[in-house]
Structures are given as structure tokens and as C-alpha cells.
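The structure is given below, and queries will be raised subsequently.
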Amino acid sequence: MTAFIIRRLLQALLVMAVVALVAFSLFRYVGDPVHNMLGQEATQQDRAELRAALGLDDPVPVQFLRFVGNALQGDFGISYRAAQPVSTLIAERLPATLELALTSALFAVVLGIGLGIYTALRRGGWLSRAVMTFSLIGISLPTFLIGIVLIYVFSVELGWFRAFGRGETVLLWGWWESALLTPSGLASLVLPAITLGLFQLTLIMRLVRAEMLEVLRTDYIKFARARGLPDRVVHFGHALRNTLVPVITIIGLQTGTIIAFAIITETVFQWPGVGRLFITAIRFVDIPVMSAYLVLIAFLFVAINLIVDLLYYAVDPRLRVSDGG
Amino acid sequence: MTADRARAGEAPLLQAENLQRHFDVSKPLLNRLLEGGGRRILRAVDGLDFSIPRGGTYALVGESGCGKSTVARLTVGLYPPSGGRLTFDGQDITDLARQRGRRAMAVRQRLQMIFQDPYASLNPLWRVGAIIAEPLRVLGLEPSRRRRDVRAGELLEQVGLAARDRYKYPHEFSGGQRQRISIARALANSPEFIVCDEPTSALDVSVQAQILNLMRDLQREHGLTYLFISHDMAVVKHMADHVGVMYLGRIVEEAPKGRLFSAPRHPYTQMLLQAIPSLDKRDDPREAIRGEVPNPLAPPTGCLFHPRCPHANERCRQEVPRLHATREGSRVACHGVEEGRLTLAQAREARAG
Amino acid sequence: MIRTRQQSGRGDAALLSVRGLEVTFPTRHGTLVAVDDISFDIAAGEILGVVGESGAGKSMTGNAVINLIEPPGRISAGEIRLAGERIDDLGSTALRRIRGRRIGMIFQDPLTSLNPLYSIGYQLAETIRAHLDLSAGQARERAVDLLDQVGIPDPAARLDAYPHQFSGGMRQRVVIALALCADPELVIADEPTTALDVSVQAQILTLLRRLCRERGTAVLLITHDMGVIAETADNVAVMYAGRLIEHGPATTVVQRPQHPYTVGLMGSIPRLDTEVDRLTQIPGSMPGLAAIPPGCAFHPRCPHAFGRCQRERPDLMPAESTRAACWLHAASGDRGPGPAVLRGPHDG
Amino acid sequence: AEARTLHWASAADSLTLDPHSQNERPTHRISHQLYDTLVYRDLELALQPRLATDWYPREDDPSVWVFELREGVTFHEGQALTAEDVVFSLERAMHENSDMRGLLTSISEVRAAGDYTVEIVTDGPNPLLPNNLSNLFIMDSGWAAEHDVETPQDFASGEESYAVRNANGTGPFELVSREQDTRTEMVRNDDYWGRDQYPMEVSRQVFQPIESSATRVAALLSGEIDMILDAPVQDIARLREAEGIKVEQAPQNRTIFLGMHQGRETLRNSETDGNPFADERVRRALYHAINAEAIRRSVMRGNSQPAGIIMPPFVNGYTEALDERLPYDPEAARELLADAGYPEGFDVTLHCPNDRYINDEEICEAVTGLLGRVGIDVNLVAQPKSVHFAELQRGEYDFYMLGWGVPTLDSEYVFNYLLHTSEGNRGSWNFTGYSNERVDELIQAMGREVNTEARNGLIAEAWEIVQDDVVYLPLHHQVLSWAMREEIQHPVQSENNPYMHHVEFSD
Amino acid sequence: MATRELDIASPGRLRSSWRAFRDSDLLYSFLHQPLVMLSAAVALLMVLGAVFAPLLTPQNPFNPAELELMDAFVAPMGESLMDPDVTYLLGTDSQGRDIYSAILYGTRISLLVGFSAVLFAMILGTSIGLYAGYRGGWPDAVLMRVADVQLTLPNILLALLIFGIISGLLPAGERSEAALIVLIVSIGLSDWPQYARTVRGATMVEKQKEYVQASRVIGLPVAAILFQHILPNVMRPVLVIGTIGLALAIIAEATLSFLGVGMPPTQPSLGTLIRVGQDYMLSGEWWITLFPAIALLLLALSVNLLGDWLRDVLNPKLR
């Protein structure tokens, strides 16, 4: 167990190191940072000064270490575009993305697991078929189209929900701008959360269904039936728990995916999150923001993966107890 | 008979000396550091000596996991041994698994293998004709595609199928028929020596009989030498001249068939024989059978069988017995037999149950 | 002790009575009949062995009894009675009171029969409490007791262990304990030893036999191993291509089989006590369900087949001390060469 | 007055709150809410007093402008406004980090001539100086010292300073919170000096940039936003019909045109040898090939005014005759190209912004098609404005789109930036390589000439030359379209600059 | 293919193949699922339409010179102002681009990007998977760890990143020309782990199978084993993933283009058309965005349906 966690941590560190290297190379080699900052007009002297100020004359490993050191302190430099520290930009936007991602993850997981179980248990039923067909449409509809349609129908035509931004926010703990506590914030959250969650929902649902069907075919389920256990126990006690083992991984990964997919939703709904920051950065070739976002997302993913692995331990005794031998 | 020839001093076709194969199944380094415990070596085959005379059938029996298949793979060069020596027709083939090139091919041409699972041993996407002709093609024995095709048909007929079956795919055949196809493939390069790894254990008895008969017929016809592996004592008795009983990677008893079955000396052999349900006797209390095969990663000290042996004493718990010849011409690795605690009479009695 | 032979006909005396059972699978090639018009009885305490080659329909028969046939397969005809009460048409609640409570089941593979995520204590207690009105503590006690009976050393300590911490033989013992949780009247054991090593096989069979004898439990023992039958069963039913072709006391069927298939089968088994140069072999192999020949399903492989065999399907008919579905034993009319030809190689 | 919040939106956000760091409209727009200028352009673009109550050249010295300051004005944080602050602000705006310094090049000294009098000394008489001050915001010198923002933020190198996120102006609104690219919230400054002079009915305003035009419209339609500054041209018809919403339009102080680099030996982004643009016939051919009417009709939905000159109509020096376009005549274009030695046309890369002007990318696309018809193979590169302008200013383009407004409302501004040979402080937006001695002379003379009539003569002559040289390809004058709730009363300001303290609610 | 050489010419062979196909579950289940047949028809139609777009369209929407600016915003079935003989079936956009032509050409891009990206990912992933699965040991561990990590990064994000990097490296003028390649590479590069993991798993199973051992016994070289035996046997799941991956790649391309980092408006893919058209959704020119959206949905849906069906048919476990 400890060994497992330590190994995972080491791997996580390795991943982060690689990501940092990519991020660093992005900053260092994609375009000339000095050129990006000063433009062509600048004098040789300006350039040399900035070059020295940025430490670009040091050996590359030193630069990399400094990059990592700065990154560890949350310093990713200054955005070329917004002329503000990247860390500030991200810190301002992270709450928005996290609130959106978590809401839609909740929506996707709860509904996805529920529908997955339902369609697996009522395999032939018309409702299951309808849900399955619908889910295929859900997978085939690009997220941005869903968003556009939702905006058009529910915001423009019906006027039920808000079409952009996150409404009024309140400041929690002095740094977290939360939109979950205001009516306009909640009204703003509905459409983006659905948009973002729909794709994940269909994925989770189809996965749960497939896994559940697989599990329902196993000998131990047959044996559980043969032992005369009630259907409820067989389905929810035995089948579901076994289904959850692989599903947990996917759901864990989905949470990561949701944060990344938020890019699209945030673009469509003008949601002031890190995703939109990133997409703007890409369009503006704003390298510091890109590399910071990369590091941030990698960090989130690594953290989520770690949590998923630990959850695995909780669910599957085969991992928990060392096989006596 | 073949046994006579062997006795006449002719060199064995295949000889294994102190053959070993170890698998490193250690946990990753980090776990070992944190949780203690050193490397874990699984001694799947741990010092085997046997020789197979030309034209004979040497059988290896033992329970699951005792290393039978590993021996099979070692002898045909699918694994390199971790130690010991393998000689084929006087030629050292210990390193066959690592060798390419003409010399190795010349050896491979004389060896073949038949596998257990009739469903997995044929590539489902290849036509039967191509499967059978593969050895001819790979070993370069028959460059002409047409002639290979014709030859595949002949081989199919030899094993009791129709020549036109070569255009079909494996899934169009039943288990027994597939095993015949496997045999046809094994015969394609006219090998002298065939390793049969439980060739019938996945088949129904009625089909098993067909295959066993076929194998015997082919042996006679082509003068084949078999290394026959099985966990079924009755099948072994039917097929073999000489039997080696394996337990946890070692041979515990080796004897000519007749002797082994009439007077098994090693307590494990005796137990195996008792464990077979008899068609004639009923309701015998088979309480003598105890325990299960230990985890090969944590084998017992001393005689590997001692935890399950009714005759074990302190020495058995500590000292590893070596194979030694008995007066009757068999070899047994048992302190009890060596010390005379377990006599021939006891053996006969045990057999009679 | 060998029990008296069960006669078909009145099923009142029997614990389990199966009549005209038919299991079918609709497929795109038509409806496949996996179990075709099978009837047999099991008395209380009796061990009935069902033998046959792979695909003969043994498992289907066993599953049909406990109504566990997976769709699209279904029982399409016949009736099954447990102690006189029909159980093949029960609703799911009623069925649950039968399964595990009155009929226990053991599957072939102990590796996959247990849910890997729950401790065996949990699985035992869960089953016990599903059927018996016991408190958690009592259920636990009973679980310990059961584990002890199936020969698991130090049962109280092992209760919280998970399936993967047991060896194959031990796991099968746990499975048996689970099947016996509520002291069922009948146990269906579907190849309980096939996946095990020979030495463990013997132990499990001995255990199963002992427990059922002690409790007077009837057993439907499904296997393809004649040796197991000979050693364990009182009566034996031989299946071929979904049909019952011979039914009689085990010793008789083993020693003096009456159906040509059984004869061939016995001859094809290599034996320890006798030496033959060649085994008897039945040519060909059992037909697939989609290609069962008309008349006697065995006739294309039968050395004694004659005209009638190709046309008419034989029912079980008395043949010496067993009953065989073979026209050679027909009481009158066209009986072909007669049963005298039926001499297996081992019949001396 | 009752509390009224106004939510308004526009495509772009202010880049920084530092009022001297960037000289661009979205930034000024916010600054105008928070800071005051000495003078400002009202809704009719007339220069009006703001912090200055009066201004005049000193009678004894025409190169000194005297500004009388309003008394009793305080900054949001309470400091009183004095002449010191004005001097400080002007000097700050002349610092090399300042983007405003181009407007102040003629100033040689700024001095306080009393607590409420400021004198600005120029290098020679500069009759138009006040025109340059309408976007020059006044900061508190003490506050600046306290927060170490005495020099403007160095935007290019990404400097972050206190003034970027905080503001202490004398303006009608005070900053509550600001999240870049997301939201800027301001409340009414109840101590504003003009509290009684202006309606000041808006008690709180929230500005949110909304990039996507469809979302902007949707937000207005669904009621989340009360006012949008850049109603997409395609949606104007619908917005007009929408209940409770009105669209107000006015010609904008901006003309859209294309520039061609005619000075270099060979084009940078082209396979063609030499520089076709160096030939006046080629430039004229391009002019003939562009169907401005079709662009107006299709791309702009009628919401633009085809232009023949690169300045808006209300600028001094403008005449209708100058604004007459050369006719759309692809035939003539082809002939001219053939004459110039390009019968098969040539290839060129057109660089466009895609988030700066109304339908900028679509216009360029249309141009691409129109030029394609006369054989000119245009490779279109559309990029965000920050990239576009950065690259443009680095002189990397051969053929580009630009829009120009004239805050001073005088032609000299256009000449100075766009047509003077690019050297020193002059011609700083002339990326065409155009250099004409006579024009340069005229431009310099315009700066000195105080006689209006003579000056207008210089302007007319200069226009004649450059129009004849076809230095730029004018496309159209932009029309501003503001869409808002019907109850909001605020006519369109032609600089596209709403003054929220002017807003009245009609209900 | 390797098996080609092994085939033995004979009339029986062909007949047997055909019979095998005719009797196969594949054909049967295809013919018995109207929805699947419908989606196959739709997919086929769209592929044909895309391939033969130049022959089927009145204008080349990628050539600005062919666009008639005065014909902008013609409604579906509307007539051209300039040439009354021309009717715009699905209307035109702000540039006078015929939406019908644009959809066919856009589908072309979508399919081109989709197929190429899938092919790229498939070849890369399958090779890595085969190697890792067969070789085992530390290269396997390392490669799969990389795949794991990459798998956690959604393809859109990765593609965006790769796109960002390549854009940073290319001068602006070349970006739009390189857009197609960049799209293919970035989508393809982000999708390989799927194939690698599946193929690796299947290879590990397959290499243990006795038919592989049988070939090793006679000394068949590793490369031959991999390509003659293992590869064909692991292709089924690869094909399934490939089909589903095609739908995903098409969506990814549309999404990237929608985000404005894909195809430029002068060479619009379906995603670009939707993005551009979105601006006209409220103004009444619904056709500019609606028709491309429908085309995209139909394409993705039909491919997804086919993929779903293939997976069910090729995976007997799921039936």
C-alpha cells in the first residue's frame, strides 16, 4: 500500500517534471520571449537588458530549474496579452471553472450512473432503447452545438436561463468568487453545466451499462441468484459494486476531462474560467498562460488520478490485502 | 520394443541434465525496499534429469503448476533454460531459444510440439491449409506454394481428415478435428521428436480416445519420439513407456510404466494414483489425500512433499531428498524409500488401497 | 448401500421429478433444442449423476431445475416438481424461496463463483439471512459452523478473508458451504471438481458425498467424468445431444452399459487396471445442436445402427437392469442385431 | 434618485486601468467612467469643459496654452485636485512608457501657474492642442507616489503595477471591482463635481466584455444586459423589432481602409518578384477591383458608408468630392494590371484583425474574393487585434487592414500618423513606405500655420497628392450601432464612448 | 498482406469466403437492423458527396474568386441576383458562398481530417501497442505509462496544445495553409494511446496463445509473428475503435475549428461554417449554421451508430 502510493507519487512527480519541461520549452523556444515582449522596434540594448532580466543568458538547465522553482511558487511570469501575472489571471478564473466543472460532473455522474443501471437492468424496454438512442445523439453532438442550441432555446426564445457569464458572485473566504449562492449565478450555471455534463453523462451512462451487463453475466452473479438472494441485493449489492470498480477510473478521468472540455463550454457561454483564458491564450500565442494552464491541468489530472487509485483501494479488497504467499 | 533399444546402449534422442528454469516474479524494487522481502524467484523447473530414447514415449505427470509445460517449452526452445543442459541427438541445444540461423533451423526442423487447447492452437484467420503448410514454408522445406498445398492435403488425410478441408477455416471444425489439424501441422516438417503438452485434456473422452489412438499409430508409422505431458495418470499409463512424476518443479519418481503403476514408491505417486476415481471400486474412504500443492513461491523446506506426506519425519522436513535408483530400476527422491522405511511391499499395498 | 432403482411414472415418491423437460434457444438459424424431452426423478438422499460430453445439455438441465436459464433460452415444455410442487413456473419471489433455501447450487469454477469484493463471511451471512430468520450474530455463528463442516481450518479467523486469499480447493469448499447454508433438500453440483487438481478433486468429492449423506440431501451431480460417477453416484443419467439415452444404477451403467454410446464411452476411457493397445473409439463427434440428425441422434456414429435408427427416435426402454434409448432394446418388432453385440472391451 | 444599475457590454475589454498605458478606445471607455479629462468631446463631438473650465492660448505667447481648472474637485479617495496633479498627469503621459505620448509630442513644458491654473508650452504655436487632450486623464500625484505608479505601466514588457487594477480618479464613477476580461463594476461617485450638472441617474454600472456577437445579442434580448455598444450589423433589424429594445446609430469617427507597402524592394509574404504595389497603376487597379457597395450591402448589411478617403466626414479638411470613390470596374482593374506588367495578376498576403472592426474578417474575405476576380491571389491571414497590431507595428505586413479615427477632428492628425514619411515621431502609423517630400513639407507646415484659411489650403493640397497617389485603399466609414433598452436615453457618441453619467431613464 | 501470400488459389476458397461472409453474424445483424443500414447509407452518401464534391457542386466555396458577394444571404431555394438561372439550394452566407457546396467541401475536410487522423493514430498506436505487448518489460511499462498519462488528457486539449505549439513555431502567413496538416497531426497524436492500449492488451493475450507458440517452435522470426499472426488477430478492436474514433475525430476537428483554431473561414470545414454561421443565428439567416450543423450531426451520428454496431457484433461478449 505505502509502496503503491509512493510509486504513484513518484510517477506523478515524473509526469509533472515532464509537463514542466514541455511548458518550459514552450516558453523558451516557441517564439522568442524577448521578441514577443518587446517587438521589433526595441533597441539592441533593450533586448539585452530584458534578456538578462529574464535570465535567458544562463545555461538551459539553470533556466529550467528556475522555471520549476518559480512554478512551485506559483510564478508563471507575465501574460503577453493581459500584461498581468499569469498566476493572478488563473487564480481569478479557477473558481469559475471549478464550480462549473464540479456541478456538471455531479450532474453527469448522478444521472449517468442512474441511467446506466436502468438501461442495463431493463435492457429490452422501450425507455432503455430510447435512452440509448438518445445517448448516441448525445455523443455525436459536439459540445459547442449543444451549447448553441440550449442558448437559443432556453435563453433567447424562452428566456428561462442566462446565456452568458456567471451572474453575480459573492466573495467567499476572501478569495473564492462563488456564483453558487446568488440567484443570477445559479441561473447562469444551468445551461453551461448541462452543456458540459451532457457528453460526460452519455459516456458514463454507456460505460456503466456495458460494465453492468458484463458483470451481470459473471458466474458470481449467477451464483448469487442461485443462492436465492433478492434481485435488489443481486443488482445493487453485488453487480453495482463490481461495476463501480472500472467505472470509478473513468469517472475520475472524466472529472479531468470536464475541466479540459470546459474550454468549449466556456467559449460558448463566455464563462470567465481558465478554459477561456487558455483558448484566448492560444489564439494570441500567449505562451506564459499556455504553459501555466498546461501545468495546472496536468497537476489536476495527476491529483485526480491519485485519488482514483486510492478509491480503488477502498473498493477492491484484492488490492487492499496482499495476496498471502 | 523401444525400451530394449535404450538398454542396448543407444544414445538417447533427448537428454536433460539438471535442467532449470526460474522466473523472476519479484515485486517492483520499491515494494521490496519498503515492505521487505527480497527477490522472489519461482523455480518452475528445478534440476530435472531425464533422457528419452529414440522411438520411445516419455511421460511427465503432475498436478497443475508443477512445471510440466515449462519443461515442454524448454525442450522445444521456447524458453532458454536458466541452468543445466539439453542435448538432442548428441547435439547441445541448450541455447536453442536464443539462436537463429541455419544450425538452429536444422534442429528446429527435427522438433515439433502439440498443444493443449485445440481452440487456441490454430490461428483463426488462417485457412487450415496455410496453417499446416506454415512449417514447410518457414523452415524452407518446400518452396513451391502449389506443392505445399498438395502436401497439406496429404497431411490432413494422414490424420483422418479430408484433403479438401484445407480450404476451410479452423472455426468450421470441432475440437477433436482441430487437434487433428494440430497434429498434421506438427507432422509437416517430418520431425523426429514431438512434445505433446496435454494434447487431450481439453477433449471429451470419446474424442480423446481417437486422438490417443492416432498418436500411437503415427508414432509407429514414423518412428516418432514423444515427450508426453499429462495430468491424467490413466492416459499416461496408456501412452508412455517411461514415466516421470513431477512435483513443484522436480521429478520425485521416475520408472518404467509397468513398475510405476504396479508399485509406486514415492508417497506422492501413491497419492496421485489413489486420487483417481476408479470405475470399479466405490465408497473407498480416500482420506489419505491431504492438502493442496503449496505455493511454488514459498515451497516447503526439505522434501517438498513433506507437509502432505503421511510418512514424513524430521529429516524429510529438513533435508532435500535426491533422486536415487532403486533396485527395481526406478529412481525415487524420497528419504523414506532410501532409508527403507517405505518398502516395496508398502508400495504394493498402497496401490491395492 | 445402493439404492433401489427409481422408476419413472409416479413422481410422488421422488423429491425432484422432471417430466418431459425441453429447453430451447431461439436463434436466427431456427430454434435450437438444448434439452430435449428429458424425464427423471431424484429421491431424497439420492445422488443422481448426469454424464455426457461437452454440449450434451447437462448444465442446461441443471440450470432448468433451478430456473436459471439465461435468456433467450427458456424452458419450453415439461414440468419440474420439487416434493410434488411445481417449480418451473414460479414467479421471482416464490423462486427465491426455492433457490438457496430448498435447492442449493454449486458451479464448476470456484474462482469465479464468489464475488471478489465481499468477504466470504459477508457472503455466507448474507445468504443465511436471506433464508433463515437469524440475527447477524447467529448468522455469523452458523457461517463459522458451516466453514468448519466443509473442512476449512480455523474458520472463525477466515470469515473476514476475501475469496482471493483462498486456494482453489478451499474456495470450492466455501462454495459448498454457501450452497448448504439453508440446509437445502437438493443440491445441484455442476461439475464441481473439473477445475481442480486431481488430489483436490478427490477431497471435494469425498466432502460433498459425506455432507449430503449426513444431511440426507439429494444431489444432482453433473460431470463428464465417468470415474466420478462410478465412485459417487447412486444412479446415473447419460446424456447425448440434449437427450437422455441411458438411465440406471451407476454400477450397472458403468459395468454393463446398454446403449451403444455408453458402451463406446466406457471403452474409450483409458484405465489403470487394464492394458489395451488401442482404445475403443467412437468415430466422429457429437453433433452440434443445429445439426442433430433425425431418428436416434447417435445413429451416424453407431456401429450397430440400422434402418429404424435413422427414422424413429427411441425412448428410454428397459435394457437389462438399466433403461436405454436404443432400438436394439426394443421389446418387439425391429430390434436389429440385438443387444448381444454390445460388449465393451472391458467386459472381459 | 432611486438606485439603478446599468449592465452594458461590448466586444472588448479595457486592457488596463492605467489611463496612460494604452491609447485605444475600449481602454479609454472605462477610464472615462473613472477619470476625468481636462476637456471632453460631447455627444456631438464638440469640445466641452470638464476639469478645465476654460482654456486659451496666452495672449503674449501663442505657444503657451492656459488651462483654468475647476475648483473643489476631489479624487475618489478624497484628495483635492490641484494644478500639481494636472502637471503630473501630463508629464506622466509624456513618459516613454506612455502610449499617449504621440498626442503630446509638441509639448515642451507643462507648469502650474497657480493652484488652479496650468500652462502648457509647445514648441511653436499649436492651435489644436486642446483637441489632443480629450482622452488625457488626470491622476492624483500623491496617490501615484504612494503606490509607486508615477510612471505609466510598461505594457509591452508585461509590467504589473498598482494602477493596472486600481483607480483613483475624479470621475463620475468609482471602481468597485474588476476582473479582466470578465467584469468591471463601478458605483456612482456621489461627490462628483458634476452631480447636479448631469443626470447621473445610473447609480451602479457593470461592464462585461462579450466577445461573441451572437451571445451579446442574446444577452441583450434575454435581459441580462441593458446596453450593447457594438450591435452586430446582421442583428440590427431583429433588435429594432424586439420589444423594449431600440437601436441608435451614428456615423463613427473611424474609416476602414487597406494599406499596401509600396516602399520595399520585394514583398515579404509573396512569391511574386519585386513589389507590385510600388506601381501606382497596380494600386489603382486594386481600388477599381473592390466593390465597396457590395461590401456595404452584404457584409455590412447597409450599416456603413463607402469611403473615398481615409477620414470620417466631420473632420476638418473633408469634402464630399474627396470622399467620392473610384468606380467599381474590374475591367479597368485588369487593364491597369496588364499595363503594369501583371496580366496574370500576382499573389499577396492580406493581414487582417478579426476582433477589432465591425466584421473585419468578413470584409477581408470579401476583398479576397473581389481581388481574386481580377487575378490577384490573396492569402488571407486574420488574427486577433493584439497580434495584428503588434506585427503591423513591426512592419511585417505587405497588405493590411487598418481603421483610423481622428480624435482631433483635423486632417493633420491623419497626415501626421499615416502619410508623413515614417521617421521619428512622425509617420508612426505609416506602414506603407510612402514617402513624398512635398507631402511632408505640407504636413510640417500645417502644424505651424495659424491662419485657418492658409492651413486649409495646405490640407487640400496634401489630400490631392495622396489621393492621386492612391496611397491607401479606402473602404468605408463605420457606423456605430448601440442597442439598448428603450428607457435608456443616451444618444450614440461618435467616438463610441458612452458617458454613463449622461444616461437618463425615460420611465 | 501477409496472409495474401498464404492463400492458395482454388475455386473452393473463394466460395468458402463468400459463404463465410454471407453466413456471418456481421451481415445478418446488418441486414436486420434498419437503423444500422440507414446510417451506413447516410455515411456512404456523405462520403461519396465529399469525394465527388467538385462534380456535384455549382461552385468551389474555397475559391474566393468564385463567390458572388452580391448574392450574400440568399435564403434556401433563393435565386441569384446576378444570374437568375442559379438557385441556391441551401442558401448562401455573408460572402455569397453556396451553403450546399460549402457543406460538401466542408464534409470533405471533416472526412479528410477524420480519416487521416484516425489512420495516423491507428498506425502509431498499433505499432506501439504491438511492440509493447510483445516485448513486455520496461519498454512496455514506460510506453503504457506514457499512454496512460496521455489518455487522461482529452484529445481536444492536447490538440489545442499541439496546435498552439505549432502555431507558435509557424509564421502567421503559413498557419492557415498548414491548418489541415496541423489538425490531422494534433488530433492523431492525441488519439494513439487508445489503440496502443487495446492492441497491447490483445497482443499480450494473443502472444500467449498456442498458435503463436506453434510458430515460434518452428523458428518464425518475431516480426513475422507480429505481422502475420498477431496483427490480423488484434485488428477487430482496432477497427471498432477506429470507427468510433472517426466520429470523435470529426467532432474534434469541428470543435477545434469552432474554437477558431482550425480551418480558416476561407476554407471552411463544417465546424468553421457553424462558427461563422452562429453570428447569424439571431438575425434570421438560420440556414448558414443550421445546415452545416445538421450535416455534422448526421455524419457523426451515422459513423457512431456504425461503430456501436460494429462493437456489438465484433464483441460476442456483449451479446
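Going by the order they are written in, the chains are A, B, C, D and E; count residues from 1 in each one.
Going forward, a contact is a pair of C-beta atoms (placed from the backbone, for glycine too) under 8 Å apart; a residue touches a chain by one contact, two chains touch by 3 or more.
Bear in mind the structure is a predicted one, so any value in this text is a computation, not a measurement.
J.: Just grab the chain with the largest centre-to-centre distance to chain C, centres being mean Cα coordinates.
T.: Centroid comparison gives D as the farthest chain from chain C.
J.: Going by the touch criterion at the top, tell me which pair is linked by more C-beta contacts: A-C or A-E.
T.: A-E
J.: Please work out the Cα centroid separation of chain C and chain E, and write it as a whole number of Å.
T.: 52
J.: Quick one: report the Å distance separating chain D from chain E, using the average Cα coordinate of each chain.
T.: From the centre of chain D to the centre of chain E is 46 Å.
J.: Whole-Å distance, chain C centre to chain D centre, using C-alpha means?
T.: Here the centre of chain D sits 93 Å away from the centre of chain C.
J.: Quick check: how many Å separate the C-alpha centres of chain A and chain D?
T.: 41
J.: Show the residues in chain C shared as contacts by 2 or more other chains, in ascending order.
T.: none
J.: Among the residues of chain D, pick out those that touch two or more other chains and give their numbers.
T.: 212, 218, 221, 383, 387
J.: Pull out every residue in chain B that's touching 2 or more other chains.
T.: none
J.: Under the touch definition given earlier, write down the residues of chain E that touch chain D in their complex.
T.: Within the complex, chain E contacts chain D at residues 63-67, 69-70, 72-73, 94-96, 172-173, 175-177, 264-266, 278-285.
J.: Which bits of chain A are touching chain D when the two form their complex?
T.: For chain A paired with chain D, touching residues are 37-41, 50, 77-85, 88-89, 92-93, 151-152, 155-156, 159, 162-165, 177, 267-270, 272, 276-277, 280, 283-285.
J.: Taking the touch rule as given, give the residues of chain C at its contact with chain B in the complex, in rising order.
T.: Answer in residue numbers: 53-54, 167-170, 197-203, 205-206, 224-228, 230-232, 251, 254-255, 264-273, 275-283, 285-286.
J.: Can you list the residues on chain A that touch chain C in the complex?
T.: The touching residues are 217-220, 222-231, 233, 237-238, 241-242, 245, 315-318, 321, 323-324.
J.: Quick check on the complex: what are the chain E residues that touch chain B?
T.: Listed in rising order, the residues of chain E that touch chain B are 3, 5-8, 10, 12-13, 16, 20, 209-211, 213-221, 224, 229, 232-233.
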